[in-house]
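Supplied in structure tokens, the structure appears directly below.
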């Protein structure tokens, strides 16, 4: 038969593909779980390398571990490229680039110090975790969140434009009122202060000290108080609308899917909906 | 009769059980109220013991009070174990363990200083207060809150994963931009800063000082602004769904489902509603 | 006629009552507006008296102004007591006590310095402003807010109990981890820090410096992130429910007033509702 | 024909009007896009001029650029005045005043240093950007936001009055408790602290240090916790009402009113909806 005719190597690639790229088989799932643990451990190594005290003590150990992980991820990347059909599409896809960035900075760090910290990009690989867990549930919930954010993108653009305009005006006013002698050393610093205050973060590294500056600051804070309510309101309303719809029920007559949970008839063509 | 046949001791245990474990009888309620006051007072003693000035002055008094409370709670625990049917189940239940931890650290503190502070675990016993107050009402409201949180646990997991990924990436970027000379002494410190900023807490113990760092910080804050809207939206929508209408009861006449919990008739067509 | 028989003095009191206590007549409204400006000015005087630089300069002027306002408010209080029917009920009502506290601290300040600052209680008198403005509208909106808060008082009690329990536990843990050498000088200070952090205020006067302390702080902040969503959710849901009801439409049959805006039939007895 | 009779100059003005004031034609759109880039660049120049290091280096370049932009905006303003019909109405309209303020401070800055910073008012001109982008969509969303804020203006007034009253009372109490020796140097400073704390900004430039002050601060923060929920609730409910259903359209058959904006048939009984 034709199937048996295939060279062994191709068959081997196909089996590898199922293991590396999919999570449905036992082997595929085991591979993904092992990979996740490797990513978590390698992230820990990168993070610990930056701690001054620890680095001195376990310098050699962390160095070795880093290169072991780099080796494993390099091999994994090569295997992925080998067994995938459309090599170029994988290599230029976001996932492929993240896989590449998971080990490339290690090699660059040989020539230029500091490059190794780009390895934290590995954290993005952790998002694969959703593939192993009961996928559908999480992806569904993530999509509700994403759809809610997408549906409110126009409102959010209007909102952000207003906030940015406010930041420029408030930042300049505070620079004019307080001046460099009170820490507001330039308009960009004033704008940084405006963002810190409007978002109610309030670091306190730069604070008004004149009476006029404090009066303006009080106004800005009360404004920020009201402003913080707007994105919350937008997201809440969109989430409420998203969670009311029942996605699965498409109208048999016109194909419209945007129905409320308690809908019995299609709102566009009046056709009776199936019992979803 | 058989009831009279029972030995006196068992009868005594049963009556004790009703007093200690239940709050329906007069004695039972009096016991619970007295216990609550004891817990509040004993908590005050533990907290006051930690205040430097006070401890020196009232050292002996606080010490004595602590041991009186420890004695009372020990006796109470023994009585509880004695009068309960399934002794092991009570002792290994969360409530039983909390009751045990309410006096055990006192004895340990004889050998190792600092153990006495574990006694604040007593605060968890205060949650019994709901048993005395009009129980149903509060438990019902607590259950609405808990059910709302439970129903949104998938959305919250997705949300927390995104936040954690952001924290790792932002923390590393800030460490690379600002560096140890500006207080970002390691990646974990950068991640701590990222959490402080994204949650809009903004202690200000570590703050960016370079222009690039401040620009990134401004971006992070505006991001946090939008992110804080998401959990609020999730909880609000779930609360609304939990506390709203009894969705199951559709009017037999017009199909309207949007009825209040105490509704007996359809608000749109006046038809009597079925007992949902 | 009997009405003419009344002595002149009583008639004078009645007319005074209409001017001072009511705002429907032209004179009554003028009196209320004048009173509001007096309150605002007298508040400004009290506030300005506390400013170090100003006080030295305008000492005598502020002192004189303060006594003029005290005199006016004393006369006003006497007039109110004279013309009101049930003198004792007015004097012991909250409004009467606030009117009394608007000038009494001035006299006490002659004997004990610092008493004059209690005069800011005058600010509460400003709430009378709602009587002058288009009353109904504002009182109605205030009642929606108050009813929403009242309806959620059980949920809020449950929520606050949880927060207080968290504050005690977190405060003690931070005291044990960080200790007095890092600013957490006692458990109450730790609890103060816990409140500052959970509410996302984040003063930064006390901050963790050990790694364990910062890790716990990060957990607390993410917890506070979720917790801040709960009261917002509660209030939003209640506000939504309050604003859906149409208060004015009472059922003619059973008297129930709790109907949705789109209700055509009473939900309790099925009676047709009047067109509200 | 009459049209040809018109003098050339008027025709030229009309064509200029279409280019400068409208964005429908190709030329008009190109003009608006060019203008936007000029505004952004000129804003950058004003902001960069305030940075100490940069100003010294590129002093002459920034100075020249500023005058080039001033020249362009002056010419643009003259052209606008020339080609508009009702010159006075344009010049006294907010848009006209903003256009004037986009270059006037440059001339004033020749006589008085510091005037040039008023040029940031140019940022307001950026709001024209919405005219170029798919206008309808953004203006529609902005109107939903504005209508939601307008509809809740009474509730917000009641809310702000309460907050202001709280700020005066809390500010005075903190001044009395902590006093000038702990940074609360006057009642206005205490009020500034109250705003910083109630809005959960929490700069930390002024913080309570006495036990009584910290206890009050904890109370204020928990209060602020609840208070922050109110504006969010108000805005969310109004946004939900604005963006929700078209309430006026009740189904003629079953009376259900809960329909989406794009619904043509009742979702409960399938009846055709009237054109609302």
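By letter and in written order, the chains are A, B, C and D; residue numbering begins at 1 in each of them.
Here is the rule we use: contacts are C-beta pairs under 8 Å (C-beta built on N, C-alpha and C of every residue); 3 or more make two chains touch, one makes a residue touch a chain.
It should be emphasised that the depicted structure is a prediction, and the values quoted were computed from it without experimental measurement.
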Report back the single chain whose CA centre is most distant from the CA centre of subunit C. A
More than half overlap in residue numbers between the two sides of the subunit C-subunit D interface, or less? Answer same or different. different
Between the Cα centroids of subunit A and subunit C the separation in whole angstrom comes to 43
Taking each chain's centre as its mean C-alpha position, how far apart are subunit A and subunit B in Å? 30
So what's the Cα centroid distance for subunit B and subunit D, whole Å? 41
Multi-chain contact residues (two or more partners), subunit D: 188, 191, 200-204, 228, 232, 234, 236, 240, 255, 258, 268-269
The subunit B residues in contact with subunit D across the complex are 200-204, 232, 236, 254-256, 258, 268-269
So in the complex, which bits of subunit A are touching subunit D? 154-155, 157-159, 161, 165, 168-169, 172, 175-176, 180, 185-188, 191, 197, 200-204, 207, 211, 214-215, 217-218, 221-222, 224-226, 228-230, 232-234, 236-237, 240-241, 258-260, 262-272
Residue numbers of subunit A touching subunit B in their complex, please. 43, 46-47, 50-52, 114, 117, 120-121, 123-124, 126-127, 129-130, 137-138, 140-142, 144-145, 148, 156, 160, 163, 188-189, 191-192, 195-196, 199-205, 228, 231-232, 234-236, 238-240, 243, 261-262, 264
